[in-house]
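Below are two complexes that have chain A in common, paired first with chain B and then with chain C.
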Partner chain A sequence: MRRNDPLSRIVDGLSSLKLTLVCLSLLMVLVVACTLAQVNLGIHLAVDRYIRSFLVWYVPEGTSLRIPVFPGGGLAGGLLLLNLVLAQFRRLELSWRKAGLWTVHIGLALLFVGEFATAVLQVESNMAIEEGQTKSFSEDYRRMEVVVTDATDKEFDEETAIPDSRLKAAREISDPALPFKLVVRAYHENAQLSMGGAPSGATAGVGAGMSVAPRHPVTADGEQNTAVALVEPVLKDGRSLGVYLLSNGLGAPQGFIHEGRSWKLALRLRQYRHPFSLTLKDFKHDRYPGTNIPKNFSSLVRLKDPAAGDDRDVLIYMNSPLRHGGLTFYQASFGKDDTLSVLQVVRNPAWTLPYVSCVLVALGLLWHFGLMLKKSLGARNS
Partner chain B sequence: MRTDLASLVVISSVFLMAACGDESITRARVPKSEEAPAVMGGMPQDEQAGHAAQATGLKWTLPSGWKETPGTGMRLATWTPPGGLKTEGTVVSLPGDSGGELANVNRWRGQIGLPPTDEAGMAAARTKVSSKAGPVSVYDLTSEGETKTRLIAAVVKTGETTWFFKLMGDAAATESARPGFLAIMKSLTP
Partner chain C sequence: MKLNRIQTAVFAGALALAAWPLVAPAPRSEFDLAAFARLPILEGGRVKPMDSFARSAMLSMRSKQTVPVDGKSLPPARWLLDAMFKPEAADTYPSFVVDDPEVLGLLGLDQGKTRYFAYWQLEGKRDEITNQAMAADKIESGRRTRFQKAVLALSSRLSLYESVKNTFMVSGQGDPVMEMAAFSSLLPAAMKAFHGKKPTDKDRRVMAALSEMLQRYNFLAQSAAFKAIPPKEGAPADDWTNTGEALGNPTRGQDPHPSLASFALMGRAYRAGDAAAFNAALAEHAAWVARYRPEAARSARAETLFNRSSPFVSGMALYLTALLLVFAAWATRREDVAAASRALALAAFVVHSLGLLAHSVLQGRPPVTNLYSSAVFVGWAAAALGLFAERMHKKGFAVAGACAIGFITLIIAHHLKSSGDTMEMMRAVLDSNFWLATHVVTITIGYSSTYLAGMLGIAWVARRHLLAKPDPAASKALSDLAYGVIAFSLFFSFIGTVLGGIWADQSWGRFWGWDPKENGALLIVLWNAIILHARWGGYARERGIMLMAIFGNIIVSLSWFGVNMLGIGLHSYGFMDSAFLWLSAFCASQLVLMFLGALPPRFWAEHRKEA
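Up next is the complex of A and B:
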């Protein structure tokens, strides 16, 4: 007997087929809107604003006002997941007869969970590597870091990297590896640097003669921000070592010597270090004969991972990435007259979930339609 | 209803985690041989400030035991004093005045952690050495702290070119190499 209390009515609503259709419609609208928004925002910001958010916000030009105008992918997807789970428990009986439908529902729920996990856990970066070059790090092309390097040793540099989010949020940054704290005077996601003009506030290094004009950050694909940080190393006794202007638009790190140790300061694209290295042995850009139409891009790399005892050649080409150490290396781009290869490096611990989901849905459908077929054949024979 | 609540908790947790991200300070030991990533732009850096070096126009004589090796980039030459001292001399030449003497003095001061000075402070710190290439301004700077670093910088202007000579290293080693460095300054000829 159906109950008619408010809670039951809410659960009825949340598990209704109408809600399923509404959520699916919202998601379709969001996909179209997100695709159109990519023209101006670039793919990553568009996905963040439309798909990986609870609400889509409208921000009038020149104001800090934020007006919610549409449900985001997080809200629509979350509701759809809830709807799917509730419908499953309310409508489907737990029996072998319905095992196929249970499996299909679980597979679909896993697909949603996989997307949420990807939104949270996936990290994308690039490895631009020239023929003959060896690299063991990739770079995040959308994020920055200030790196403080103890360059005293002749063989090694000791790097301490501070992500840009810390620079935006913190006034002072301390770390046990540093004999000084960094006071963040200013951080601009994007700015134009020029010689002369209004003083930037820098008193040491090359920035002392430069001016900084903040700009709106760029997000479109292929555009790069020139981030600027004004940081002041301050010793434990309170003595300042000067204010340095750091930027990825500057050609090389700046630095000073303190207590006989040589320190370098720089702002650069955020780097992710890997416990293995790749050496680009050969990059190939095949074309169809007699044309300039690309046929295939491939990178022959030497993978060396001493810890895993791996030392082998790997050919990376379209749709055939290298998977190693929890990372996937895709052929992404190239340059320098086909002597430089750009690999997209993706860390996504949830990358297997869509595959598991598809297998579950396929098995569930096979099971369910198999049962239906058996039932139908049985009825016909009798 | 327990299942429904569990679903909500999972979804909420995932979005809360999204708000946090990986924001920790990281440390790494990196071999110096590993090539640094390509950087954008090309703004000037240090005394290699975006100008072409001019390798001609000035000569010098090294004292006994000193060695000279060709420099790289904007650095024209590197000098090594005898005795394995932990100090090193460098030579750079740039067109024009390269931002002015005060800017360069403050840049050198910054390199060893000293605060900037003003015109009066610079004038008080300046000593002069005579050479055939003209008067050479010499600045002798020593860092603070327990482990001291010393930087002796010399500047001479010849025509439209400014020459920068620098001896920098451990304070004691630089003190030992100082007479030789000043002898080179005196030997400068156009």
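Up next is the complex of A and C:
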């Protein structure tokens, strides 16, 4: 007999089939909404708004109001996962007859966990290499960093990188490697730069004569933000070295000399350093004869990783990425008359989970529906 | 199933009918059209017969494979010959379909009498059409108005026709044999003149004449619709050229490709109406191809045979007849009619299967590669499943569902054909037979079975409203069948969806990108899961399951076609506007059916009679 205390009733509710149906229906609505919203919002923003959120917010135009209107994918998915796990232990007996359902549900739970882990852990970046070039870092088109370089030594640059998340959050940034602190006067995720007009507040470098007009950040695939930071290096004694306007829309880094050391300031796409290097030996863009229909894109690269003892040629092409050092390199794009290859670089520790899940669910469903079919055929024959 | 005598007769008769186009005598003509139709050419990145090119060009220009001339319908190969060698005649054929009233207004043509117009009727406004099309082309495809889409389509059809006219000779001008002879005789002298130190007046004349010719060949090289000159012996198999390319390079011209002369002779003979000379030149070229490019000749011959047999058209007719027979069996309650309907459905399925197999083998790909082949395959898998399910409940429901889906999907495929080559080459990321065979096929089977369940739901609703005498056993059988099919469908749609994710992980580095096509597949999975859980929980009983199954039709259709109409995402291939109307109409019809099913029992036929 079931107990009737409040806790059991909550657990009953959370493990009920009704909740399963509600969550599945909510997910359907969210998926439809997310698909339709992609037309205007672009895929990233639509997914962030509907799927990778706990609540879907309605923001009336021109106000700062945020009204929750619908549970988001995180809430519906999370509830469904909880419901799945509880129902498993509360309702499904452990028997051969139910073994199929057990396997299916474990597989599904893994799939959810995998998608959640991906949302949290996956880091995507790009590596654009020209033929003959060697690179050991990749760039993130969606994130920025301010980099302070000690360029005194001609042979070796000492870099200090400050990610955009810190620029947005902090007013002042100090780093033991720097003899000055950086005061962040302003940070715009996206802005238009122009010469003349209202002064930006910059007092040194090329930004002094420029104006900054903030814009809505863009999110669609293929669009690039022009981030702008107004930073002021301030010495320990409180003396300012001037306000610099930094942007990935500007070309060369700006610099100053302080106590005999040459410093350079720049804002650029965030870079991830890798302990190995890739050299692009050849990029190929094959077309079907007599047409412009692409047949294949491939990059022949030399992978050098002293620590792992790797020094070999790898061919990266469509549907055949290179997996190395916890990263996966995919053929993503190309340019400069087919002499530049862009590889997408993904770090996703959870990438194997869907494979396991797929096998589990397939086996479980086969087992379960197989039993049912056998039963149904048996009933007919008797 | 074991066939009795009637069934054997029906089955064999149906197959014989379907095979008829293969053995039927060709329409009488002194020109050897059949041999011309199976000449291999290179177009759209692959070797195909003239026949396939002519058919798909006709389809894209006038939405039909033949054109009526003087009360007779002109076969595609004949139309192609006329357009290439006798364009002054072809210009008068009603080869273009123009539907849009605003475009007709632009052209100053009457609407109402006919939708089909000849090139000469449009030629005067060619510049205007080009200008309008260029303006429309600048606008993003999703935001174009109906007029802009129509004028773009017309412009590209006209360009296609013009390139056909300029494939072998410049709009049928001059005598190709004389031209070839003049070119060959001029070439040595001209080459000498080019290299000579002090050109004489004669040298200048020779050079001017040659440069005029070369300009013409350069134009032909740019404008030709396809490449008909096969690679020479020893050259790479992809190295096909068109006439202009083959002639235009003087070093090649010194040692002209033998097929150039054959085509020149064919052109002259065809213009002169000299069938014997045409056939002789054709035979010579065909013999060269058979000798030096046997693989191209073989595949082109096979594809021509496939085109002629048009298995999907016969299949469509057989499915429809079988469906009508099932209805007749229900109306008359005669077991022999029911048996005949099953035999006919089986014959339709066999024809469908052979067609699918042939298309796959010719393309060298798994059965589903584009929207067209997905339609053919959805119908095939639904038919297979339906015929199998019929063995469990012999009431005709599953066969009816199988035939209905087979018929409808083949019609859809037939209409999708006009959007281009059905064996088009696969773009780089899709060029993977392994994933096409696993992910695409599995997910498509998921579509098929969801449709079959939906059809069973429709049958259930129809019975409620048409049958005065209730038959709970039959309703129960229908619902059990639908349940089994939905379970099947959940299996395939889930596995197919996850395999798609794994493919995406292999090619883009993300397992799941929330791309519209992925979302569509996920919706099918979610919906099937909802139906099954609602049944297990007892929230939906017989009627609920059946109505939900009908809603499955909407979800699959949106996932299959609807997401392509969003025009976004990595999967969007081909934007179809007219299809949007059909899709909306279909979804509306399904909602009406669900509404009819949801009406309280006093509206059902059995109760209406009592009232």
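As a working rule, the second predicted complex is superposed on the first by the 353 of 382 C-alpha atoms of A that agree within 3 Å, B and C clash if a C-alpha of one lies under 4 Å from a C-alpha of the other, contacts with A are read in each partner's own complex, and residues count from 1 in each chain.
Here, contacts are C-beta pairs under 8 Å (C-beta built on N, C-alpha and C of every residue); 3 or more make two chains touch, one makes a residue touch a chain.
In this text, all values refer to a predicted model and were calculated from it rather than measured experimentally.
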Fit or clash - chain C, chain B, common chain A: fit
Partner chain in contact with A:R273 - chain B first, chain C second, else both or neither: first
Which superposed partner A:S376 touches (first chain B, second chain C, both, neither): second
First, second, both or neither for A:V234, with chain B first and chain C second: neither
Which of chain B and chain C A:L82 touches, first, second, both or neither: first
Partner chain in contact with A:Q254 - chain B first, chain C second, else both or neither: first
Chain B versus chain C as contact partner of A:M318, first or second or both or neither: second
First, second, both or neither for A:V47, with chain B first and chain C second: second
Smallest separation in angstrom, by C-alpha atoms, between chain B and chain C in the superposition: 18
Partner chain A, residues of chain B touching it in the complex: 1, 3-4, 7-8, 10-11, 14-15, 17-18, 21-32, 34-35, 37-46, 48-49, 99, 103, 106-107, 110-113, 115-116, 143-149, 168, 170
Complex interface listing, chain A residues touching chain B: 7, 11, 14, 52, 54, 74, 78, 81-82, 85-86, 89, 113, 116-117, 119-120, 123, 128, 133-137, 139, 151, 154-163, 165-166, 173, 175, 177, 193, 203-206, 208-210, 224, 226, 239-242, 247-261, 268-269, 271, 273
Chain C - residues contacting chain A, complex: 42-46, 142, 227, 238-240, 392, 425, 427-429, 431-432, 435, 480, 484, 487-488, 490-491, 494-495, 498-499, 501-503, 505-516, 519-520, 522-523, 526-527, 529-530, 533-534, 536-537, 539, 563, 566, 568-569
Touching residues on chain A, where the partner in the complex is chain C: 17-18, 20-21, 24-25, 27-28, 31-32, 34-36, 38-39, 43, 46-47, 51, 111, 114-115, 118, 122, 124, 287-291, 293-297, 318-321, 328, 330, 332, 344-346, 348, 351, 354-355, 357-358, 361-362, 365-366, 369, 372-373, 376-377, 380
